[in-house]
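Below are two complexes that have subunit A in common, paired first with subunit B and then with subunit C.
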Partner chain A sequence: MPMPLHPFVLHRPDSAEEVIELRSALGEDAALYAGGTELLSAMKMGAISYEHLIDVKRVPGLREIFDQDGSVHIGATATHHEIENHPVVVDRLPSLAKLTHSVANVRVRVAGTIAGNLAFGEPHADPPALLMALGGTVVVQGAKGRRSMDIAEFCVGAYETGLREDELIVEVDVPIPPPGSVATYMKFQVLERPSVGVACLGEIHDGRFTSPPRLVIGAVDEVPRLVDAAAIDGADIQDEAGMGAVCDAASRAVDPTDDLSGSADYKRHLVGVLARRVLRKLAGEP
Partner chain B sequence: MDNKPQIVGRSIPRVDGVAKVTGAAKFAIDLSVPGMVFGAVVRSERAHAEIIDIDTRSAEQSPGVVRIITGRDLDNVVPYFGHIVLDHPILAIERTLYYGEPIALVIARSQQAATHAASQVEVEYRELPYVTDALEALKDDAPILHPQRGEVVRDLGFDAGEEGGSGNICSLASLDWGNVDSGFAAADLVIEGEFRYPMLYGYAMEPYNALAVSGEDGLTVYTTTQHPYMVRKDLARILSLPFAKVRVVVPYVGGGYGTKSYSKIEPLAAVAAQLTGLPVKVVLGVEESIHTTRSDSAIVRARSGYTAQGLLVARAFEIVLNSGAYTDNSPQVGQKAVNTCFGPYRTPALSVRMRSVFTNTVPASSLRGFGTPQGTFAGELQMDEAAERLGIDPVELRKRNLVGPGEEVIPGKRALEANLPEDLELLSKSVDWPDPGEGRASGLGLSASDSGAYPSSTALVRIHADGSASALVGATEMGQGSRTVLAQIAAQELALPMELVTIVSSDTGIGPFEQTTGASRTTTVVGRSLQAACQDARRQLRALAAEVHEVAVESVQDAPGGVLVDGTWRSFAEVIQGWFGAGGEVIGTGAIRRSGDFAETPVFWEIGAAGVIVSVDRDTGEVSVEKLATIGDVGFAINPAMVHGQDAGAALMGLGAALHEELVYEGEMLTNPNLVDYRVPRFEDLPREMDQMLVERQDGVGPYGSKGAGEGGGNAIGAAIASAIARLLGVRPRELPLTSERVWRLLQDGRIPREADDDLS
Partner chain C sequence: MSARKISFVLNRRPQETEIDDSVLLLDFLRDRGLTGAKPSCEMEVCGSCTILIDGLPFSACTTLAVEVEGRTVETIEGVARNGELHPIQEAFVERFAMQCGFCTPGMVLTAKALLESNPDPSRDDILHWMEGNICRCTGYESIVEAILSAAAKAGTGDG
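Entry: the complex of A and B
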């Protein structure tokens, strides 16, 4: 039912340093605000409220996307729409471009940002699983300088992240997969958000997995789950037993619950189905 | 239509198209008046409870608050509304019957202030046992929602079941002929099954809203209703005002689908305006709209008997509707389910029993098709099952049983106009029956529903002094295209270009009476009253011309945009100005009542004919609709593109119910009263191919042989989809929506998980 939007002070700082100062001063009374697609909806529903919002959209240099030292650097306030269409992403990280194109709808994508998506900590989100498979890191800046976290460190729980109260995400760095490797993301979606998302990065050479693929299950548990794929390390792509073992491991890696998007056992089943499909895709099947 | 310019029968662009796509068109939600204040509704947080106290003290101190109204402020008005039974309170009185029911209205200077203050109203409840399931509500020990029943008012015109009964029965209806027992005894095959149709919300982009202004001339309410005259009746009764002092104005309606039939939030806005003396606007959000009206979910137990040759010998249906907390339109929905569940098939013996049941849930009312989709789902799937068990092709089995043109579907009612065997042939060809290729299957659904359009309609045509014309009607433009179609009819009848004709609609203070805008009535019923008004204007113009030119009226003939006086063309303008000397106008009137062409009911049989080709991802259960075929069996399409729009819209709306949509109760609350969790169809759900056929046999009583459209596709699509899935997977779906998980489970174990079967008898 309609809830009154709790009044708040909107701060519009012009530098990262100012953002950090405000964060330090305001603590948990403040939230960072960029696209607002998750935050403002939740505030309008009365699910959360903040006395202060710190708009980071005016901070210079936070929106760039470029390719350097083997990684694609995606500025914190780059929107999904910018990411999915950026030549560097399209060229170097086609799997991320494709995933981003499937996030929500175009109205969300032109406003929502990658950092906002990660910082909100919504468990039923697309990007974390693929970023984990690709070995992406989240670079944050605080009073004591910069540090970076991998996705497992960053995604702590439902709506919980490793971002500290005085910190700001400045960019997301994604290593460009080595030549010959393939990254894939597939999802199953019933409602507005994915009910299962499966990402995979791996390499096949001469019909064999050259190493265990990085297989990650997203959108099911509170955080993305990396699946042990050792069973197909060096295995032939026709190795049904190995493939089956990895898909079973994927199903076991998650602990789904019954909800409107499906019962727990159905979602567990879907994880296995999608895991097999991403591995097959890796093996070059359509 | 002789040598008149042909305006009907052409896909003329919508008269409101540009205004709507550019955002210029005004809907009720866009309107404001000076000094307007805003209402925010406080809603029940219990499914069933006595209201012990409503503490408004803190809210009253909140900035901007003008007044807070509760059930105790309704002493000087009739505090209930309802067009069949007066049992729906404007605000809960002493007891609340469902979670989300309006309990108080906070009126403030801004929407923000009203919403803020509303959150500070404290309601103290004494909880009572509640029941949300219809079968549970029928049990002896179930809590009773209405120990005292509301007054029966029956504003409909038609019988709609029998209201009331013992326990939680909201209404009863039945239909019987022949001897069912001996029919089943003699049958070579008898099949039985229980079918479930989901509880739906008919999502409209414009939520419920109303702006009420009380003044010296009485009450004016600007609202998004489909039925301004039904709302006027409710408001007049509530406030003890004559009709002449209640003006209901409806601009464009942003989606109706039956969900905006009858009164919703108008009584509350009107009472608030009366009590405060200020213009009050009440706008609900989507979540509140879902807590205002939804459709009747249904459990249908069906039994059908056939000869070895596939001829029906007997059918029996028991229908239980979950109708929510108040009566609203459920009796009519139930009656419609009764009249349509057995399909347009020759049925020697029939027994149908319907019980509409009160539960502590959102009140159910109309939604596109009324009860037809619910019953058709059961009836059509049994035709398929019988065909399979008898080894007869399902299309062939239907053909052997279909009611032919000119035959009765229900004894004593209007005979069927349509040629269903021909329609079925077209439909089956379009979906490549019987084999649409590897990994695919076709499914079909047919229905004929007795339109609930009561023939009570009036129209005015004003021929202005410059020769242009305004047609005044009570039909509401809710996206279906009524203004365009009616303008085409008026332009055709007066032989004027479309640009010289304007439709003025749905203003009870200015325009003429119309019973409703629902049941696919407008083209047929309003079209005919408008035709009559045009003919009346024509008659007057001929008489005026005869007087002006001093000739016998017999020597004046109708001509495009004017008359021929002894062979000389005189424009309407010339005739009018000649007669009045200066200015003037001619006003033609038309009326339709239950007589002549409209003596028999239904006014027409609305045909539902939908076919699909589906494929299924066997790993996930996900269903893809490869092709959707519909037949617009409309007699004559005044605007073919708009018939296609209606057919596609109805079928795609039905596709939502078939595959995704369902309101789900958990405990006393809905779990998904929002568009994030309630899954309406999206563009990505569009079938890969659409074949929209038009059948025009000029067999309707509407203008030029037309008859109604707009619900048909949705009536049949649920059965068509389930039938195709059954053929493809060798399973027998009996419950919608066929979500991916349900289909996957059918594949796993051949049955849909369900709570223990309750005994319906």
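Entry: the complex of A and C
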């Protein structure tokens, strides 16, 4: 049974700078708090407790979504619900709009933020795989200023990220795929979170893969895995041998373990199946 | 402990109150006698604790009470007006969309939020939006029918 929350003080800073000052001053006694969908759950279970929560949701300017210089900029505190319905995302990154629409349930989408999703480092998550395929970056700010990390640098392990102690995520930047390329994400799920999620960005002209697609397997290992898809570079989309080689490479790219979302063998099998489906989808099949 | 004075609107009535930062919204509401929202899974999965904040559904079991500051909260107790059931409630009655009734407050509020943003949802829209509300009596078909019927009635200016 969940217990009442261990008492804490909620801080509501007005700027990213103030968040950073509070973080530096309070150290490990404090956690950043956004939608609370992960944090409050873990606190209710008694898995973690803090003396201070620093609310990032009310910081002005951290929530905007806009399109500039070939990328969609998603503010850290934008919720899944805002992202899935935002005209810029729907128009420029339909694969992300669709993915976000399938995250959790409507209440979690209404409260949960993109930054909270990434910062928690839960391996069974949807966005990291697609963000990696699309070449997205996580922009963070700390006492020494801003820096950005790609998803491979940011996702370090289960519940581990590249964030330093004084840093917060301020934005997630996602390059808009060039004309002629297609991005897609498919998942298989039996519990609340994905068992396997496969994302792909690829370009096809005249029935050929014009470059190796960026195929990424999420939710299986602690971090998303980029698959070597060189076997279909320049290949015909009907090239079954090439396609089979890439799906095998996908199954070998992960090192699954048995857990509630499936046995290791089953998940490895699913990876191959979903990899084939996303590649087929790229080739225009439903 | 750290108490904070907040003002918000609860079921159309402005409120001012003092709340500790670490109190959960579900406990806060139930302690005031608003027991329509119910604790069950306590992990944002089942929807029996659903309330609306600014018209959108939240799991009160995993929301801090102080989050309602400056916002508008609706619980099932505020849905009927002047003794008249809301059209969605009426549709639930007409379609027998409840058995034990445990999930019903959450179902009605979640459906209300859907119809406010999407007055003419498809069956698939309804299934997707309602996915996070679990009916332990498994009466899903009649719940979907009730929502479709409430939408259709509103559409014909009849509801």
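FYI, the second predicted complex is superposed on the first by the 282 of 286 C-alpha atoms of A that agree within 3 Å, B and C clash if a C-alpha of one lies under 4 Å from a C-alpha of the other, contacts with A are read in each partner's own complex, and residues count from 1 in each chain.
One rule holds in what follows: a residue touches a chain if its C-beta (ideal position, glycine included) is under 8 Å from a C-beta of that chain, and two chains touch if they have at least 3 such contacts.
A quick note: this is a predicted structure, and the numbers were derived from the prediction, not measured.
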Partner chain in contact with A:Val190 - subunit B first, subunit C second, else both or neither: first
First (subunit B), second (subunit C), both or neither touched by A:Ala25: neither
Which of the two partners, first being subunit B and second being subunit C, lies in contact with A:Leu10: first, second, both, or neither? second
Of the partners subunit B and subunit C, which touch A:Ala143 in the superposed model: first, second, both, neither? neither
In the superposed arrangement, which partner chain does A:Tyr266 touch: subunit B (first), subunit C (second), both, or neither? first
The answer to whether subunit B or subunit C touches more of subunit A is C
Which of the two partners, first being subunit B and second being subunit C, lies in contact with A:Ala158: first, second, both, or neither? neither
So, does A:Val110 touch the first partner subunit B, the second partner subunit C, both, or neither? second
Which subunit A residues come up in both lists, the one for subunit B and the one for subunit C? 1-2, 4-5, 192
Residue numbers of subunit A touching subunit C in their complex, please. 1-2, 4-10, 36-37, 40-41, 44, 53, 81, 101, 104-108, 110-111, 192
Residues of subunit C touching subunit A in their complex? 1-2, 4, 20-24, 27, 42-45, 47, 50, 56-59, 61-64, 66, 110, 113, 128-129, 131-133
Residue set of subunit B touching subunit A in the complex reads 40-41, 43, 100, 112, 115-116, 118-119, 285, 287-288, 291, 619-620, 622, 660, 664, 671-672, 675-677, 679, 739-741, 744-745
In the complex, subunit A touches subunit B at residues 1-5, 46, 188, 190-193, 260, 262-263, 266, 269-270, 273
